[in-house]
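The following blocks contain the structures, represented as structure tokens.
What follows is a pair of complexes built around chain A, which joins chain B in one and chain C in the other.
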Partner chain A sequence: MSTIEQLNAAFVSALDIDEKQISDELAYNSIEEWDSTAHMILIAELEDQFDIMLDTDDIIDMSSVAKAKEILQKYDISF
Partner chain B sequence: MMTHLSGFGVVLRPINEEDLSDLLRWRNREDIRSMMKSQSIISMDDHRRWFSSIVQLNNADIDSKAAQHCTSDSIAIQSQYFAICYKAELIGSANITTEALSLSKASEVEPGLYIGHERYRGNILAFAPSLVLNDYCFKELKVKRICATVHANNHQALAYNAKLGYKLSSSDEQDSQKSSHDHVAGSEKHPWIKMTLQEEDYLRATAKIRQFLSRPAKKN
Partner chain C sequence: MISASKPIEGSSEPRVPLEQAAILITGAAGGIGRACVIACVKQGWHVFAAMRNKQEGQERLREALQSSGLNNVAQSADLLTLLEYDVSDSKQVKAAFAQIKKSPYELVGLVNNAGLMKDSLLGMTSLDDFDMQMLVNVRASFLHLQLASRLMTKNKQGSIVNVSSVIGLDGAPGQVAYSASKAALLGMTKSAAKELAPLNIRVNAVAPGFINTQLTHDYSAAKRASVINNIAVGREGQPEDVAATIMHLLSAQSAYITGQTIRIDGMMSI
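The block that comes next holds the complex of A and B.
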């Protein structure tokens, strides 16, 4: 599975949304499914998918799909 | 002396003069003030007068008479006002008030909070100042409950409070049942919803988010 597929899988699973809804512009609180609870599940999914541990600043900064990609690159994950 | 509170990455400190311009600009923004009990636009002169009154509060002990904020109808209300900072940058404002004689003797307090900084509005960080403030109320002030009044149209705040463990107050539950259609439709007839937070519900509801917002910072 490519890293983009892993990323999408994490979003689909955590937010319980269709993969077609995922775009760089998709943002926290912009859809009902991406609330605080889903955000925490998303963090856990991303950590599981990429075998990393995000720190608090990154959890706070991860406010969109585009931002998630940017942050994950700091953990040596490229898209 | 005014309390400095911190935790979950944020600091709640006394408001200072340098904060006034940002706080006023945010407070007067339509999307923020339209959800407040007092929705009028505040002038800088009024804002400065308010600031002068809270400076006295900041310098007083919460038990002292000097800390009582007397309104025009002479009801003494105890209040504390805070600037919310993240990474030393001002991002919003918070306060607590009680109708009891002093915050230290209050069994019930009402919080007020808004995040004005664009970058952090609608961000998960918005939970951090509430966690700090609520911990302070329950652990330091030993209040029995925190009561919030939320505009019925403020769906984001209603959902946010529910995530913190707030429940609809019983009397208002009856009100909202009577007028559930009005609430859904955002009628002006019942624009406010009262919600109550008990410590046990609060700790249960926020256990997970506390873990996420209190991870150690990465060492660079």
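The block that comes next holds the complex of A and C.
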């Protein structure tokens, strides 16, 4: 599975949305499904998918799909 | 206020099989910590026993396990993992959680037991002593709560027990800083319980009273008798008394209990 597929899988699983809804512009709290609880589930999914532990500051900053990609690159994950 | 939503369906059912389930216990070398390790191992959970000094703590834990007829446990990596770190050092705490995450076990329980008590009258309490108690009793517990809940979120199963104190509920002269730190744990418990309930993670606190541990070993006979005179059941508590309640809170038998503080004090008056 490519890293983008892993990323999408995490979003689909955590937010319970269709993969078609995922775009760089998709933002935290912009849809009903991406609320504060789902955000913590998303973090758990991303950590599991990429076998990493995110810093709290990165969790706070992860405000969109594009931002998630940017942050994950700090953990040597490229897209 | 950020609200939590979307409860998890069928949330009371354990999702992690017993053979993969693990409990992290901080302050595992202390009296209550050791009693919790023994009780959890007997329950069949893998235990991550966190202590500041592995060499010293390991010996104490080994003796306790042997006296409980669990000679094989200290040597078995399948049953017990010793973690050596300072709970007040966030980098070390994070590294410990990374080790748990990479292990074959899933964290389903946390006992926030590591604590620091420095008795002194209000006018004679240094800010350094105040800060140290807040650092160990509050900040370290917060960090463990934060990181443990992240690991538990993946499986949507978890129970966290914060070890507070009756002093946090009732207060006591000479313990203004300590009681403030233990009372802070109770607020943390209630808020975290509300926030994490939709993720099927429960958070409770216990408030032990006068328990026979290293912390009370230095009490004179007269002081000990005076304290026991104010305990309705007429005896000091044992670490096993505390561990039994913690075990209940960790287990699925308390699946409908969260955000609570349970006194374990034999009805003590302060």
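As a working rule, the second predicted complex is superposed on the first by the 79 of 79 C-alpha atoms of A that agree within 3 Å, B and C clash if a C-alpha of one lies under 4 Å from a C-alpha of the other, contacts with A are read in each partner's own complex, and residues count from 1 in each chain.
Here is the rule we go by: a residue touches a chain if its C-beta (ideal position, glycine included) is under 8 Å from a C-beta of that chain, and two chains touch if they have at least 3 such contacts.
Every value quoted in this text rests on a predicted model; they were computed, and no experiment measured them.
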| query | Clash or fit: how do chain B and chain C relate after the overlay on chain A? | reply | clash
| task | Have a look and say if chain B or chain C is in touch with more residues of chain A. | result | B
| Can A:Ile17 be said to touch chain B (first), chain C (second), both, or neither? | neither
| Between chain B (first) and chain C (second), which does A:Ala9 come into contact with in this model arrangement: first, second, both, or neither? | neither
| Is A:Tyr28 contacted by the first partner chain B, the second partner chain C, both or neither? | first
| said: On the A-aligned overlay, A:Asp48 touches which partner chain: chain B = first, chain C = second, or both, or neither? | reply: second
| task | Identify the partner contact of A:Thr56: answer first if only chain B is touched, second if only chain C is, both if each is, neither if none is. | result | both
| Touching A:Ala38 in the superposition: chain B (first), chain C (second), both, neither? | second
| Does chain B (first) or chain C (second) touch A:Ile77, or do both, or does neither? | neither
| query | Overlap of the chain B and chain C footprints on chain A, residue-wise? | reply | 35-37, 40, 43, 53, 56
| query | In their shared complex, at which residues does chain C touch chain A? | reply | 2-6, 94, 97-98, 101-102, 146, 149-151, 153-154, 198-199
| field | Residues of chain B touching chain A in the complex | value | 8-9, 120, 122-125, 127, 156, 159-160, 163, 208-209, 212-218
| note | Interface with chain B, chain A side, in the complex: residues 27-29, 35-37, 39-40, 43, 53-60, 63
| field | Touching residues (chain side chain A, partner chain C) in the complex | value | 35-38, 40-41, 43-45, 47-48, 51, 53, 56
